[in-house]
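Okay, so chain A shows up in both of these, paired with chain B first and chain C after.
Then we have the complex of A and B:
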């Protein structure tokens, strides 16, 4: 019973982190058909800017409670600026190119962002633990969990719900769904597809940065963290169906629970469990659980 | 080594008429004399240095090691190191360095480029055990002197290259770290009834846990392993592993995590009470203690993969190294810096002893050599004189809030022969055999 509850809580916590880290990737793919490898770079920028800002803030001795505001702020500024620069400076010249080429282009952008991160923050790691400790822990069947972990779970739910509402209940969201369905027809109907692309990319970049920013207080922010997240995020969105927000959420939950169960029940299979689940899902649903329907064009 | 082009000059002379042979002979003699003097003045030994200059291991390991290399190269070339290293150069030759990033997907190709294209006389490097496993056989094949300065897996000379000619390791291997950790806990009267491990899932983490857990099983009858976790290197998220440790309620938690992984585990584990409920031993903890300060929980058992950093014994050489490093980089040297300095002083000691910086001369002198580093005596005692042993030490972490200073208390030193297997015996056989021949007094 104790183990089952631990698996449930750990699985949920890991799933929330995975969802926040991968939702930007699936959003950009859904709208733009770009598998954005640079997502890892946005994640790292968010993590560094958050850790750096929290470090500066707490060094002043100001109340830690306000440091929580720095997390979304860091994501908004770092992700917004970087996303806009990459989209306007590079990607807008590449639209319409083959998807494989775009993977290479965004991989190049990822490498550039890695070096930009090092140029700004150096090779030293940054720690900004204060928010993760601020609210202490709650005990669930005798196991302490940080309140911060539940804040991450709450944020993931909030982000998922907000995206769902924006896409399905607002005019802009509905137009975006039309663009996703068929960009040529959308363009013919007078929808400014390029603007949608720009906004989507910047929002995706901000979400990527948010994933990093909210993780920063729990980890040591070091060079290379962006590369790690890309592989896991890719597994999550492939399981859920590339381009599907709901799919990313379900994919994150499946991966989160599979990994937590493995760690508690059979630790040697911890890494293997993630890819076993991915292989099993793809064997049954080759395009993922909630893949967007592709219209066949002749 | 720089080579004179006198051979070519001499060949061209032979093609000239016999009438000028005598005059030319005088010229050649003069040229030899001049070149000889120039060689003595300008002789250099080209060394390829390979450490992490990017990626997660750069900040805590690669850059401190590179910094130490820069400091030592300048000091060796100018003869600024205290006795017995006061003479300039290694065997009279100045070090000409090339730095290469270990964070590469093509480590073997990078190594061969250093050897074949850049023409280095030796390679000093490699922090990751994975790198060393790949490079050691390559060094033997390329017949190039290669000094592994940091990586820890005992597999290098026990399984991978069992009869080394060109490969040396100037730092102790992981067995020393983990046997000493187990002995330290026993001496501090920590209960060893139940132990847990969280180590990275590759050679370093697996070997470290194997040596620690087997050592504890030897030292404590009836000890049990409550859980053994092997997350992927650079995973960063250890929520599930921390829960698994908490639910298994061990007396001791062992981790050979390093760099960002270790710091993340300290943050996540201390936030959830792991360090309060169990005695945690971090075999590479010294690299983080000054950075984390008050965030490192008091009572954590700290190692430095040898008697390095805060565990180093007092000596003129250690004082000089700490001061020179601090003056230049504004921070105290941690163990990767010490181990790089140790490696370069080993090369210098061997070359000075041989009176030459030629590869064969250094290899001959380095095999079985004993020399003094900033951390004390180092002896190439294992693997036919290719693997170093040295004393080691562990301490318990205490943070002085008022002074804002991280310190180690209850430091215990272990003689090299107490925590290393004797020559000719593999680490695991030695541990499972009950540490036969260990000299701990």
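Then we have the complex of A and C:
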């Protein structure tokens, strides 16, 4: 029973983190058909800038409560700038090319971002634990959990809900759905598809950076976190069906619980349980659980 | 079959004695780089032959690792040190694994193929990283190879292994060249162009992809064994996706035009890496990424196209060769 509750809480925690880290990826894929490996780079940028900013801020001895504002701010600035530069500087010239080619392009961008991160922040690790412990811990059946973990879960729900509302209830969101449905027709109808692409990419990048920024207080931010998160996010969005935001949520929950279960029941399996689940899902549903239906264009 | 050798094969056969000769002429450290890059070059070849079918494997490190680990485990647990037994162990392991996994992967194309191959290689990464018997993330050491009971030491051992590696690498390259010119090789190109039409013409695209996958796996495993033996060490990094990414990088850079291109490309990359890491360790990936971007944008058929485009343009102006991945 104790283990079951621990798995449930940890699973939710993992799921929230995974959802925040991968929702930008699925958004970009859904709209632009770009499987963005550089997403890992945005995540790392977000994590570094948030850890760095919190470190600077707490060194001044100011109240920790305000450091929470630094997390979304860091994500907004780091993700926004990087996303805009990548989209305007590189991807703009590549639209309409093959999907696989775009994977390779974004892989190249990922490599570049990895080193840019190292050049800006060096190779040592950053630790910004203050926000994570600011609200203390709560005990659930005797196991202490930081309140921060529940804040992350809340943020994930909030992000998911706002994306859902924006996409389905606003004019911009409905136009975006039209662009997803058919790029050519929508531009013929007078929708500025390029602008939608740019905005989507930047929003996706900011979401990726937010995933990193919000995790930064819980981990030691060091080189290589981008490479780690990108494979996890792939697993999440592939399970859910690429391009589907609801799918990303389900995928995050499945992967999160798979990982939490293996951590508590059989720790050596932690690293590969995720991919095992992914392979199993794909063997049954080749394009994920909630893949967008696609008409075959010959 | 007594097919005539084509120019590439003649070139490779000419290169073989040269390659062996440099072991006695060039400084030892360069020879060592040539040696290990023949191993990794074979894996890049494995990526390249899949690219001919329009399939990008982001998990070719899987078989690189399977080859290395199979050879290592045969040495570690069975106490075998014979080079040919170790090599056969690597090949056999890759053959079995790829044959089974092929049934899953042959159903996928494009990014799904890339993602799934990546996921499978990461399963192995996770498995190996948490297996203490195999040294977890540190890996373990391989024995020094012996040859039919003859176990040389020191310089002799190094040169013997090097010479054998040259023979095997060139042999694999020629075999793969034949493979690309075989029926399946041409079917693969057709799959890249239009899979549906291939099926209408009565050929099974699934079988062709499956066969290509197995061939690529075996070549990569041979590469893994040839890479692991001179270094005498294997670790799970071999199957991490970043390693696989480098193989993809080499294939993109050198292009799918010629079988020799990935081998040369791997060596050049190794040499550039040595200097780049020494001069500025934190910009190595930056250079790598930028070169890759420029290659994709300006030389979609890879660096090899710089050599061939001159020959072609004199024959046929504006040859409408399809770009890779179109």
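Quick note on the criterion: the second predicted complex is superposed on the first by the 297 of 298 C-alpha atoms of A that agree within 3 Å, B and C clash if a C-alpha of one lies under 4 Å from a C-alpha of the other, contacts with A are read in each partner's own complex, and residues count from 1 in each chain.
What we mean here is this: a residue touches a chain if its C-beta (ideal position, glycine included) is under 8 Å from a C-beta of that chain, and two chains touch if they have at least 3 such contacts.
None of these values were measured; they are calculated from a predicted model.
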Quick one: chain B and chain C on chain A, clash or fit? clash
Please work out whether A:271 is in contact with chain B alone, chain C alone, both, or neither, and reply first, second, both or neither. both
On the A-aligned overlay, A:225 touches which partner chain: chain B = first, chain C = second, or both, or neither? first
Is A:118 touching the first partner chain B, the second partner chain C, both, or neither of them? both
Report for A:137: first if it touches chain B alone, second if chain C alone, otherwise both or neither. first
Go through the superposed model and pick first if A:286 touches only chain B, second if only chain C, both, or neither. second
May I ask you to decide whether A:90 touches chain B, chain C, both, or neither, giving the answer as first, second, both or neither? second
With the two complexes superposed on chain A, say which partner A:2 touches: chain B (first), chain C (second), both, or neither. first
Offending stretch of chain C which, after superposing on A, collides with chain B (from 4-12, 40-48, 130-138 or 202-210): 130-138
Contacts on chain A seen with chain B and repeated with chain C across the two complexes: 114, 118, 123, 267-268, 270-271
Taking the complex as given, what residues does chain A use to touch chain B? 2-3, 6-7, 9-11, 13-14, 17, 114, 118, 122-125, 127, 129, 132-133, 137, 143-146, 148-149, 215, 217-225, 228, 259-260, 263-264, 267-268, 270-271
Can you list the chain A residues touching chain C in their complex? 35, 90, 93-94, 97-101, 103-105, 107-112, 114-116, 118-119, 123, 227, 231, 234-235, 238, 267-276, 278-279, 282-283, 286-287, 298
Parts of chain B lying in touch with chain A, wherever the complex brings them together: 53-56, 58-60, 62-63, 103, 201, 227-232, 234-237, 239-241, 243-244, 246-247, 259-264, 267-268, 271-273, 291-292, 295
What residues of chain C sit close enough to touch chain A in their complex? 54, 56, 58, 104, 107-108, 110-112, 114-116, 118-120, 122-127, 129-131, 196, 240-242, 245, 248, 252, 282-286, 288-290, 292-293, 296-297, 324-326
